[in-house]
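Going in written order, the chains are labelled A, B, C, D, E, F, G, H, I, J, K and L, and every chain counts its residues from 1.
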Amino acid sequence: MNVHFLNGPNLNLLGQREPEIYGKATLADIEKLVREHATRCGASIEFKQSNSEGDLVSWIQQAKGVADVIVINAAAYTHTSVALRDAISATGVPAIEIHLSNIHAREEFRHHSFIAAVCRGQICGFGVNSYILALDAAVSVKGGNKVV
Amino acid sequence: MNVHFLNGPNLNLLGQREPEIYGKATLADIEKLVREHATRCGASIEFKQSNSEGDLVSWIQQAKGVADVIVINAAAYTHTSVALRDAISATGVPAIEIHLSNIHAREEFRHHSFIAAVCRGQICGFGVNSYILALDAAVSVKGGNKVV
Amino acid sequence: MNVHFLNGPNLNLLGQREPEIYGKATLADIEKLVREHATRCGASIEFKQSNSEGDLVSWIQQAKGVADVIVINAAAYTHTSVALRDAISATGVPAIEIHLSNIHAREEFRHHSFIAAVCRGQICGFGVNSYILALDAAVSVKGGNKVV
Amino acid sequence: MNVHFLNGPNLNLLGQREPEIYGKATLADIEKLVREHATRCGASIEFKQSNSEGDLVSWIQQAKGVADVIVINAAAYTHTSVALRDAISATGVPAIEIHLSNIHAREEFRHHSFIAAVCRGQICGFGVNSYILALDAAVSVKGGNKVV
Amino acid sequence: MNVHFLNGPNLNLLGQREPEIYGKATLADIEKLVREHATRCGASIEFKQSNSEGDLVSWIQQAKGVADVIVINAAAYTHTSVALRDAISATGVPAIEIHLSNIHAREEFRHHSFIAAVCRGQICGFGVNSYILALDAAVSVKGGNKVV
Amino acid sequence: MNVHFLNGPNLNLLGQREPEIYGKATLADIEKLVREHATRCGASIEFKQSNSEGDLVSWIQQAKGVADVIVINAAAYTHTSVALRDAISATGVPAIEIHLSNIHAREEFRHHSFIAAVCRGQICGFGVNSYILALDAAVSVKGGNKVV
Amino acid sequence: MNVHFLNGPNLNLLGQREPEIYGKATLADIEKLVREHATRCGASIEFKQSNSEGDLVSWIQQAKGVADVIVINAAAYTHTSVALRDAISATGVPAIEIHLSNIHAREEFRHHSFIAAVCRGQICGFGVNSYILALDAAVSVKGGNKVV
Amino acid sequence: MNVHFLNGPNLNLLGQREPEIYGKATLADIEKLVREHATRCGASIEFKQSNSEGDLVSWIQQAKGVADVIVINAAAYTHTSVALRDAISATGVPAIEIHLSNIHAREEFRHHSFIAAVCRGQICGFGVNSYILALDAAVSVKGGNKVV
Amino acid sequence: MNVHFLNGPNLNLLGQREPEIYGKATLADIEKLVREHATRCGASIEFKQSNSEGDLVSWIQQAKGVADVIVINAAAYTHTSVALRDAISATGVPAIEIHLSNIHAREEFRHHSFIAAVCRGQICGFGVNSYILALDAAVSVKGGNKVV
Amino acid sequence: MNVHFLNGPNLNLLGQREPEIYGKATLADIEKLVREHATRCGASIEFKQSNSEGDLVSWIQQAKGVADVIVINAAAYTHTSVALRDAISATGVPAIEIHLSNIHAREEFRHHSFIAAVCRGQICGFGVNSYILALDAAVSVKGGNKVV
Amino acid sequence: MNVHFLNGPNLNLLGQREPEIYGKATLADIEKLVREHATRCGASIEFKQSNSEGDLVSWIQQAKGVADVIVINAAAYTHTSVALRDAISATGVPAIEIHLSNIHAREEFRHHSFIAAVCRGQICGFGVNSYILALDAAVSVKGGNKVV
Amino acid sequence: MNVHFLNGPNLNLLGQREPEIYGKATLADIEKLVREHATRCGASIEFKQSNSEGDLVSWIQQAKGVADVIVINAAAYTHTSVALRDAISATGVPAIEIHLSNIHAREEFRHHSFIAAVCRGQICGFGVNSYILALDAAVSVKGGNKVV
């Protein structure tokens, strides 16, 4: 079981960035927690971050044939990127959309996600736990436990 | 640790209702799975369903001082009910919004949730697992593991 | 052949309520006319009214396996209820939407029907005759006379 | 009792045209069924079709003083023609709008009808039966059985 | 002189519910103040609350022939209920719309009221005094002191 | 206790102007009624009218340190003036918005008020009584009876 | 000096058609008045009517090199026809848009004119006089008296 | 026969102001032409200009009982002033809206007129001739030659 | 191989009509170029133009069973005609939408095409070459070289 | 070098008015700072404020032939006044739009400026410095240093 | 004659990616076909692909002075990138927009192209042939055969 | 005092790119002018340009703890990038938004800036001077001269 965690722009600032919205954990902290949980689940993970939309598109493409599930926190690109949406559709790897904050409780322009419609599901608002919950969800997806 | 699972209109038809969208499990099946998982988590639960908006409003109110977390699948009322939103705000019990299907991948009018902005987070698209994941999220909420 | 006529909020006031819009017949008058016509058609009917959205949802659910066709005048809930729409989809009983008045000639917010897209057809603007015409339509639906 | 059935663009293709939407009956088949039903009702009918908006406008005008009721399936012009609306208002002959398919269940642009607000009522979604039901409705209109 | 005060969803939580928005008085406190003021005005009152849209519809219907004026704080249903609007139109009892808070200073979706157009007037933003002012307004309505 | 009543454009025509909407009382009549009621309340009032947006802005400014409450019927400027809104915010004197007619039952463009969000509350639809009710509301505001 | 008066759909019904909106004069009456006025102005005119958009397009094309000015009452096609707009642009003959009624005081969809932007000006609301005024305007256009 | 010509903001700059849009005549030139034409028509006129919305409102009010018709070129206030609209409604003097340029061929925000719906008609796009044509229209209005 | 070229309103004016937008070639010139190219491709063509929407609808219908591909420059009707769209759907002949100018670089209302969604593809902005390119595209469609 | 600083409604309240938004400096303080800076730049200035839209229009007109540049803080009229826009266009004096606060970070209705499109540029969000920066910008404009 | 073919995000997946929408040819297959056709046309080409918006911007810039025509399939960036639009405007090299699929027949958000307005024309819906047709169009552009 | 000037896509083309909009200075010219002015102000600067959104995001992040103020001309990304907005919020370095041209006088889609709401202020329309003015503004920001 292999899960790719892809993180979008500004998530490398976690911990320093508006902690009242995003919490105090750094991205490295989150990666550590996710790796520990993956070990418990018997899963291997990749965990990457980029500020570049093009990198994220390429990483989604590269997950094809390698990852069983993609967990993606596309951050700001969630709301503006058709390219990420097309990448997910094109590769066909099941994807789960996550957010640290509850995007539906923030500015109007954060309520719409271009990638939601091509993901299996969305988990948002649980801070670091959004990652953990997504890994659990990914495991069940992999296990043939059909979501929907 | 006490969690109230509140289910909205037509969820009593699960299993019979459009299984290609909502899966084959009945609501009783789901309740059973949730109860088993709650036992594992050391949590107690209540699990109710109603087709009436007013009942759901009242149940949210009654959760005050009793439940640590409300997990709510408001179904159709998600998209039309300001009353549910006000009930959640008014009682102040942390709430988690869930959906079996990925509402962001369905008709336009299902993309907007009146309750999302007053919930801690949203989990949708994972079928029965949306309930299980929400219970896990609830436990961490209760544990002081602040979400966002 | 069994047809359920479900009537929504305020239709219990017919006859007293704005007769220039809704006519002078009471709901009991309408029921009587419908029963007489049903007898002529060799059909049996149920005829109910409620001011509660939840009741209407439940009645639609209960029609499953009992009614061949549902004829629904959802009145005000036509324009605001996703729950009724989901109930009709979920039970799968063919449904016909009716209105006494021509909703398309009234306020803008009455032009949109949440249930229209999941009904077989819509008949509106013919006063009491909307019910009679719907029964005729229902009979042809039942008779395998596929409506589009 | 005289009823004019006016049919708009592309209805001359019925039977060949997308039968999964419009059914297998040709327009001639429909005319035959309507004529038979008219005989039963003691009504005389005219039955015409044109692809030209101007022809339809003129036919509505010519119905003045001749027809008791106009039954109009304006097809595509339903959604784009203010001229048909004005013609109906101007002649003052009671009109009934019909459609073979349920226009409210199709593309967004088919939900709005320019003529609905000046017709007595709308019947849609019942295939060939939409014509038969409209004739029944027309008879009751003529009989002083005031609709609305 | 008889006035019915109808209170919508979540108003039973007053005093506990977000006091910075709705004040500290409970609904019982408000009822007491209104009753005292009614005594001063020589009016009798009924004072009810429900979380159910259907109940509120029915209570408006029952006011016909009994109440001289309805004062309604429809709370969340203000913004979503066509059924309440139709009930007020249908019964024809003069109605006054009130709100504790200034709905025009809150979220966008609270600015629109479905019932405003069928009420005599609207009083909002004065907390408990909204009720007292409405009773004064009701008395003048009753006294033939035509409003508007 | 000092209350400033500020009246906007065309209110000097009251009594002559569309009496079916605005009633038969002249502005002088209204001022007289308000003065009598103020005497009963132990309040002093100022009562002014202007057709000029700039005058109204200046009068609101001048109320600072003089008036305890401003009651404003901004008439047409209600719907178009950001300057009045800013004046009310800037002076910080509590303000109450009133209208003779029920603006929510009139043309769409009269439903939105630029000043509502910076006033304590809104009273509309009660004709002359809107002024009397506003004075009562003003007294309670002054008395420390906090209006949410 | 030659002016073409082109009349759109349903104007052949003038006099019979909703006289409270369009007046009692028939189109023949109007033509007579326009011809008399043209004689006074030393102008020759053509005066035509059609219910067909295509005819009107063709007539505008034919005016090229023949008419000095086109006066067009496009009636319902005003609001729906890009083809008329293109015809006016393409021929380059100065055009004046007229309407019997004040289109800006009627339904929302009549406020927009597809042809206004390619005409010299618009005259509406003066009944038969709209034609006379347009002829006067046409004369001044022809006389080199440039109309912005 | 008395006609008031009221001119709005910036029209005092005519001749200097963007002559490619508004022509080379000054407002004094226009007044002279209008006075000459009025003499020919046996009409007396008033001709005023102000940059102040309040002045224009007051002048409309003062026309009551004095002018038979108001001709108003409200310039920029056309698009933003509800106060002018209310003044015209309130005084009840027939009003004609004019513009030098064709407002429907300019920026989107100039297409909508707040006063159009309460005027008898609109004449725009004929430069100075818009004034002359309006005077002719006014004479016919006065002569009982009912417009509309 | 047979291709029908159908040309909409005002295209008969090509060469005279706004050459800076549409070029200097007449429609006859274009037909000649297309015929020459067809000869080179071994295709036969029909080439027609009408200002009437109804004619175009009928010609599309007549192409059924005769033409292998329809190339349609619907001109102004592109943006307003649902009837053309339905005709194309109904006949099922593969259609290619063309325009001389780049409609996406012109007025907003020219950006939307009612027929685009039922055509195989769109070619616009290449002047006369749009026709030549469309013929090439048509040939490949016919050759089973599946487009899309 | 002569620069006119024109200040709109409520700016006379600066220093008292919401200092957290507009700062503590009074308008007199600002004028003093601007005059000192003007002396340094070798420029003369005029500095005026009015609550009246008409005054501001007239002052812009009067700047013609006198001022080299207008610096305008139109305050609330920024968002509602077409008259100011037309005045700036009509006089042709280069204008610079300024605001104390960052209007793009405030309420939605403050994001749009009617005058921006006819000004050379916009400076907002720098408090008193917005005035100083505008004077520097004005000097460079005057010096032929073309600001696109 | 030199033509640059620039391909946007996810086009490197062609052949694997949703073949029912995009066909079975890989991007290498397309390049090969284009090169062969270029040889026939006596043109040289460059053919590049990137998932990065910035790369595409830079490549457009680099085409200046090198390429005679740019053919761009911007894929997802078509709908979201102002930067690509500005790059095309800025370099001034004639550009042709292409798409494999008919973007006007897909999701609403794919109907709008930010680059269309600065390209010469658009070709979409012909699969691989869109590239071949674009090369033909490019040749004619180069040949001075002006495409309006 | 350290100021980072970050320049977005296509600004590397300045001088060549549409000089009627952006002026003739190259980016190197601008950098030179800014450096000279910085020397006069006693400030050090960094001056960078990229066509890549991701680079700009990263540069904003790197400014943290290094720059006192960021001056950003985000060019096309102004209107499409949530990522830049988040980067500015996240780093917390005061930012000033600049543009060479007056974005409010250009296409509608350039009026909205995603970054404006998180910057201190906006300066646009002054060509090269926008940079100089921004540096002056930056100095005052640094000096504790709080900009609202």
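To be clear about the criterion, contacts are C-beta pairs under 8 Å (C-beta built on N, C-alpha and C of every residue); 3 or more make two chains touch, one makes a residue touch a chain.
On a predicted model such as this, the values are computed, not experimentally measured, just so you know.
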item: Duplicate of the G-H contact set - from C-E, G-I or J-L, the pair where over half of the pairs recur; value: J-L
item: Comparison of C-E and C-D by number of C-beta pairs in contact, larger one; value: C-D
item: Geometric centre distance via CA averages, subunit G-subunit E, whole Å; value: 54
item: Distance between the centres, which are taken as Cα means, of subunit H and subunit A, whole angstrom; value: 63
item: Euclidean distance of C-alpha centroids - subunit A vs subunit I, Å; value: 46
item: Residues of subunit A whose C-beta touches two or more other chains; value: 52-55, 80
item: Contacting residues of subunit H [partner subunit F, same complex]; value: 52-55, 57-58, 61, 64, 80-83, 85-87, 89-91, 114
item: Subunit A-touching residues of subunit B, taken from the complex the two chains share; value: 20-23, 100-102, 104-105, 111-113, 116-127, 129-130, 132-133, 136-137, 140, 145-148
item: Interfacial residue positions of subunit L with respect to subunit K in the complex; value: 8-10, 12-13, 16-18, 50-55, 75-77, 79-80, 109-110
